[in-house]
Structures are given as C-alpha cells and as structure tokens.
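Same chain, two partners: chain A is paired with chain B first, then with chain C.
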Partner chain A sequence: MAATAHPLRLSLSEIEYRAEQSLLTISLRLFLTDVNEALVFDPNSAALAFCQPNESPNAVPLLLSYLYDYFYVKANGERVDLRIKSKTLSGEGANQALVLLIESEQAPPLRSLEIHNTVFTDLFFDQSNIVYLDVDGELKSFMLNKETPALRFSY
Partner chain B sequence: MLRTLKFFVSLLLLSAFLASCATAPDTADTAQPAAETEAELIARALAIHDRVLTLDTHADTPLRMIEPGFDLAERHDPNETGSKVDYPRMKEGGLDAIFFAAFVAQDIRNDEGHQKAKELGLQMIDAVIESTETNAELAGLALDPEDAYALEKAGKRAIYLGIENGYPIGGDISNVELYYDKGVRYITLVHSTNNDLADSATDSKGPEHGGISPFGEEVVAEMNRLGIMVDVSHGSDEVFYDAIAVSKAPIIASHSNARSVTDHKRNMTDEMLRLMAENGGVVQLTMLSDYLRTAPENPEREAAITALRDGMKPASEMTKEERQAMRAAFNDINKKFPNPPATVEHVVDHIDHIVAVAGIDHVGIGCDFDGGGGIEGIFDASEVMNITIELVRRGYTEAQIEKIWSGNLMRVFRDVIAVAEEMQS
Partner chain C sequence: MQPIGLYLKLGFEHISDFAGFDHMLFLVALTAVYRLSEWRRILILVTAFTVGHSVTLAWVSLSDASIPSQFIEFLIPTTILLTAVHNVLREPPDGGSRGMGQHYAMALFFGLIHGMGFSNYFRALLMGSDSVVVPLLGFNVGIEAGQIVVVAAIVALSFVFQNLVGVKHREWNLFVSGAAFGTSLMLMAQAKFW
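Now for the complex of A and B:
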C-alpha cells in the first residue's frame, strides 16, 4: 500500500456499544485533506483550521452537515444524534487525520444497529471506509463504500 | 475512449498471440529475430509470459475481502469499484501467483489498538483462506515456492499470504508464529508511520528507534526461525541497513523502486541496491506513479481549479444544491485534466537501473494493486503481461524475464526456508 498522500482512499470508524453503561461510542478517523476537500473544495485549505486556536465557527457545522448526508448510525431504528464530544488531530503532513469522538446514550436492549458510511465517495470513486464494530465485546470488521454503503445487524 | 482503445489493443494482442501459437518455439531464450514486426514481438512476449511463472509479491486485496459480498471469483470493473485483483483478471493477465498482504491501518499503539489490529488482520487472512477453499477449482493457498509451480501446472492461481505492517504483532512475539501457522510468509516491518518494531520512511515526526527497535530485532529473529521473509518496504533507510545486519536470511523489499530514477524516500538508493545484491535479497518493483516518475506539471488543471475557486462563494453560505453543483464542477475538471499517469516504460526504466546496479538476480515485481498501485497499461491484474512485452522490447531474454517474474523471489524464499530449517535443527 502506498504511503504518500494516501492514494488508497481510506477512512476508519470504530463503533462501540456497552449495555452496562447504556453508551454508544463512535470514533471517526478521517484524513484532514479529504475533510477540507469535501467541505471547502480545497484539500490544503487552512480556512476551517480544525482543532486550532483560530478554528472557524463554520468548521463543525459544515462537518456535521456533510456527515448528515454520508454517515449515520441507527440504533433500534432511530438515527443516533452525532454530537461531537471531542475532536483532535493525529499525525502530520499528508497523513494527518481528524479524529472525532461521538457519544450517545443508548439504553439496552440493543435490538438492531444500522451503519451507513459513504464519506468521501463523492470525491473518490474508490473510497473505502473501514468499520470496526464492538457490541459488548463481540467484534466485527467490515468495509463500506459506494457499492456497499450500509449494513444492518440484529441482536 | 480509453476503454475502447484498450479493447482494440487487447484484440490486437490476442490475434497476434493466436497467430503465433503454431510457430512459437519451445523456448524463446534467444536473441530477437531479425526484422521482427510489432505483432511478432508481442506474440513472442506473450508466449514467454505464458511459459514463465509470474508472481506479484504485493497486493492489498485482503482489505477488499472484508467488504460484504466481495467475491474474488467474480470479475470486477476497476473503473467502477476500484478493485484491481480477482481470479478472473489474474487469469486474463496471465498472473500465476500473488502475495495477498493483510494491511491494517495503524491506530493507537496500545494493547487495545494492537488487539483490534490483530482481530482485523486475522479476519482478512481467514477470508483469503476461505476464498481459496471455496474456489478450489480456480485457486489454492500456497505456503512454499513449490506450491506455486504445482498450482500453475494445474491451471490454478497460487495465493500466498503476507502482512503489511508489523503493527498487528503488537508487543507479543508469539503472534509471529500464529501468523506463520495461518500461512503468512512475509511481514512488512512497518508502514507509513513508526510502530513498535521499526521506523517508517514517511513518518513526518522522524525516526523513533533509529531503525529497527530491540523488539523489532526479536521479531526479525523469530521470522528467521520460522521461515518468514523480512520485508523492508516502507521502512526508513536505517531499517534497511539494520535488517541487512540483523537478519540471518536474505531480505526482500516487496514493493519499492529505485531512488536514482525517481527521488522518493520510499525508493532505494544505489548503495542499498548494491547491498541488497550482496545480501542475496530482491527488490520488487511497484506500480505506484509517485514512485515511478516525478509527477509532471498540470497547468491546465491548476488554472481551471483556480478559476473555479475564485468564482466560488464561501462554502458555509452554499445551499445543499449549490454544494452538489460545485462538487460536480470540480469532478469534471479532474476528469477533463487528469494528471499524466506513469507508464510501463517508467517501470522498465527502474528495472533497467536495478539490473545495472544490483544485477539481474535482485529485481522482481510487486504491483501494490488494491493499495494504490495501477498505472497506464498496468491498471489491474488483467494487464500485467504488458510488463513482459516491454521487457522483451528492450531485449531481455526469457531466462532473465523468468528471474524477474518469479525466479529471484523464489530463490530468496528457498534461502529463507533453508535458514529456518537450520535454526530449528
């Protein structure tokens, strides 16, 4: 796999449910250049300045508006509210990623979970979105893309 | 247009090949015939391609295997899905054998991160094994060099396993044997950022260990003991020198090119190439444009993008419809002014250079399909015969082409097994 400017288009998301804590946690790891391209049409734009002291007030609203169309999780048939608990930058240069942590209260029982992830498929026809799913310690990993945008699990 | 052109080229190649079959010699290890036409040259090249074992040492196809419904037995359109390898296209391209490398994107370097990486790595490996079992009439899992020759003889694709990035080993040395038992026969020590084993060539934070870490040295020793090839692609230059010094068996670079030809940190200097030859190892050429040539300027695209951005209102003030229209406009520019791709000529320029510096016994092919690899003329597994055609065009003999396509890598593979047997005895 290439390393420069990540020519294999990837994103990574981790979705974890803990019944004991009534907690659904979503972690999204997106390349910052892809985020900038998707939101302001310029991969190297500094206009939004995510996680910087001068972060634009438009940064989060634009991001949430984008994610609304391309990423969602439905628990028991209800769309989970994507309220960002924290966001950080990880790595540097072309490999720098924006890491979002989203937490949502979700009382048991969890009967179904639907995950839709087509982030950046509007930019790249070959975008691959890897999803790690952990429901009370039961792990599954899969890839979503333009061809397979969503998966649903019943419990 | 491109697809139409490719169709006609394919027809030409097929016609030339069929026309030549009746007269093709048993062996083409001879000088180029005088006054050979283009069609005759292509036919000669395809006949060689058919006779030698063709082995690609690097494809990230296991990542595709976790896509629900993805089936290696089905033919996929690379322009629609991005998929570059499946059994039907391997057969079309005359690609006999391939290393499927389980790649796990690096996350947090702690026990939890390592465990998740291990789970995903094993899931990918199991998916590959299951595919070979389900499609036993098309392919088989290969564990040693002889398996590939036997499978080729049976008309089946030989599927080897590798791991790209030592991150899923975590801090547990016993995982190396677990992966070996699964069928893994090479491990790339590191990927695009430093891990607990070694420094990356491309980590913007710079070196962390000054090459291979003490734990990484233990991992290399364990790989030597088991018979797993040590892969230094993606490693820093110091990782290469450390691997040469530490490994008791020859090493490989499963997908790297020559830095003298294309100045990139992922490529290998002439000094490294010479040391690779002394080591008895092999450098496998990869089909990534940025590693094959310096990207040429694209002023038309830049001008069009700038003009579009200049007339654009702030993204935060756009309606959803305006955003969609703007995205379509940018996508149109990218289609209209694509960056000039690397070509098969660039690939063989690198091969020529490595042969000149290290010798014919130390170069091979590792395309990096499904990991970003794929260039004009070698876009997916169905087009790898174009490498052989260009090699023949430049005067390489069948014996040399056999070494490039598989002989060199198999020699290293056998040496690695011999070292393991010696260590275990």
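Now for the complex of A and C:
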C-alpha cells in the first residue's frame, strides 16, 4: 500500500501444475508502486509504463532481471523459465497491481517443487508474499517473507 | 494452512504491530477518553466501528464500487482528527448510555471509511482470483481480534494514568486528543490528494 500511514506489503503468486496437460502455470501479482520502487527507485514513476501503449522496452527485461534474483520455481530440481505469456493491470491508483501470467511445459512426473519468493523483501522489512499452490487439484497456501523465503515439496 | 487462517493471521499481525499505527491511533482517539468503568460504552463503540468496517468490506467485495485510494488515504487521518476534536468539544457524558448516540454513530461511519482502504487493496491483489470474499473476511476477523488487544492495552494505559498516576480525566482527554490531532494532521498533509 502506498500510503505512508498504513503500509501493508503483499504480493500473491498462484502456482498450478496439471500433469495431464504437462503444464506449470504461475500467476504473479505485484503492486505497481512496489515494482517501480524496486526497478527505478521511484514508486510513482511513469518511466516503465507497464501495460501502457508507451511501455518502455526496458520494462520487461528489468522486471525479469529483478525476478531472477527474488522469485524462482524449481520443478524436479530445474529452474522454470519465467517466460511471460501475458501481463495486465488490476485495480486503480496507488492500489494498482501488475498481474503476470507465466506458463511452462513440465512433463510428468513432478517429483519435487521448490518455490523461492522474496520479492520486495530487499525494500520492505514487513513484505509478505502469499503463495497459493495447486498440484493436480491439491490446494495449499503459504506466506513467505524474509524469515521464510522458500518452500520445498516432494511428491 | 487454509487461506482464511493465513489472512486472519495477517490481519491480526498488521493491526497489533506499529505498522498499522493510523488504525491504532484512531482506536486511541476513540476509546482512550473513557474510564475502565465505562467498558460497556467502549464495547459498543468498537462494535460500531467493526460493523462499519464489515459493511464496507461486504459492499466493496461484492460490487464494482471503487473509491479513489488517494481520497481514502486522506480520509482515514481525517477521521482521527475529527474524533480528537469531537472528544474535546463534546466530551462523553458521565455514566449510562445517554447522550452517546452521536459518538456511536461517528464510530460506525468512520468504520466505513477505514474498511475501504483494505477492501480496495485486496481487490486489486485478488481480482480474478478464485475468491476475494474469503481472504477479506479472514483479514477483517484478524483485524477485529487485533483491535481487541489494542483497545485492552489503551484502556489499561488510561487506567494507569487516571487511577494510579492521578491525571484528571479532562487533562487526559486533552493530552490524548491533542496527540492524535497533531499526528493525524501530519498524516493528512502527507496524504493530500489535490
């Protein structure tokens, strides 16, 4: 939240695996002010203009470069390629979120999954990153932060 | 952990640490001017605030209503400032519930405003996700539980100053309301939207 008075620092990632479709889907929701703070050190910057007609050609490479360090998913020990299938904006004003959809082929069987999410913990001590995990219909949810940066599962 | 539990914990932690100090400051302004013996009034005030919070929660999450967040961020410290001024100008009457209607109505109305901040934020984060209602409900219940802890601490502090230290009720009211007034004025200046 952008207000100085009542900061609530969250991001949400929804990770879904479907063995039948050999597909791993990641939906990552990040507040735009936090993204701007992380990438160009100004929460209200219009320089990158995500999802706008004048979106900067540097916007996605900068974001992926940041995510490389702070967000990754490993399936069977291999890092999943974060190729953005689509990106949209949700909400308005200071509460606008950038929604990234990432899809990756992942042939079964899924033996292990590692989720590392420390986005914006380098900026905010109280950043919490919510993770919803759905593996073939089995739903789980977690909270990652500075103290608990990663989750590991074996199947 | 199921999502509702996760959001409940998030709400509780958010309100009961100093990160949520504007919300906490509102509770201070709302309840610190009452004596421990007036616990029924405190309970009704906090309940009215909670009802307001919950109404906004349901409204924003179940409709397409949208209020500009900059406006809400300005309104929240405004509610603190108005509560502080109200404490000084219309000090709660002694005893019983008579003459308290205005105080309860104010708590209810200001609860509506405070609830908007969280609702807008969560809707942006969860829009298109499976459900906005369950996380919002969990977060709100966590907030309310945290409020009980905060209000208990405020009432205890108020008791110490008025009953053990011997600060007069009117002086305590001026002290608390003055502090809330000054802080909220600074927050309003930071959040001005024009």
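One rule holds in what follows: the second predicted complex is superposed on the first by the 149 of 155 C-alpha atoms of A that agree within 3 Å, B and C clash if a C-alpha of one lies under 4 Å from a C-alpha of the other, contacts with A are read in each partner's own complex, and residues count from 1 in each chain.
As a working rule, a residue touches a chain if its C-beta (ideal position, glycine included) is under 8 Å from a C-beta of that chain, and two chains touch if they have at least 3 such contacts.
Because the structure is predicted, anything quoted here is derived from the model rather than measured.
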Partner chain(s) touched by A:52 [first = chain B, second = chain C, both, neither]: neither
Contacts of A:22 with chain B and chain C, given as first, second, both or neither: neither
Touched partner set for A:143, first chain B, second chain C, both or neither: both
Partner chain(s) touched by A:93 [first = chain B, second = chain C, both, neither]: both
Touch count on chain A, higher of chain B and chain C: B
Touched partner set for A:10, first chain B, second chain C, both or neither: both
First (chain B), second (chain C), both or neither touched by A:128: both
Touching partner for A:61 - first (chain B), second (chain C), both, neither: first
Partner chain in contact with A:31 - chain B first, chain C second, else both or neither: second
First, second, both or neither for A:39, with chain B first and chain C second: first
Contact residues of chain A, present in both the chain B and the chain C interface: 1-8, 10, 12, 14, 29, 91-93, 95, 126, 128, 130, 132, 141-143
Of chain C, residues touching chain A in the complex: 1-3, 6, 9-10, 14, 19-23, 66, 68-70, 73, 76-77, 117-118, 120-121, 123-129, 187, 190-191
Complex contact set, residues of chain A against chain B: 1-10, 12, 14, 29, 39-42, 58, 61-62, 69, 91-93, 95, 122-123, 125-126, 128, 130, 132, 139, 141-148, 151
Interface residues, chain A side, partner chain C - complex: 1-8, 10-12, 14, 29, 31, 90-97, 99, 126, 128, 130, 132, 140-143
Touching residues on chain B, where the partner in the complex is chain A: 60, 63-64, 66-69, 79-82, 101, 103, 105, 107, 116, 119-120, 123, 164, 191-193, 200-202, 204-205, 234, 264, 266, 288, 290-291, 308-309, 312, 314-316, 320, 326-327, 330-331, 368, 370-373
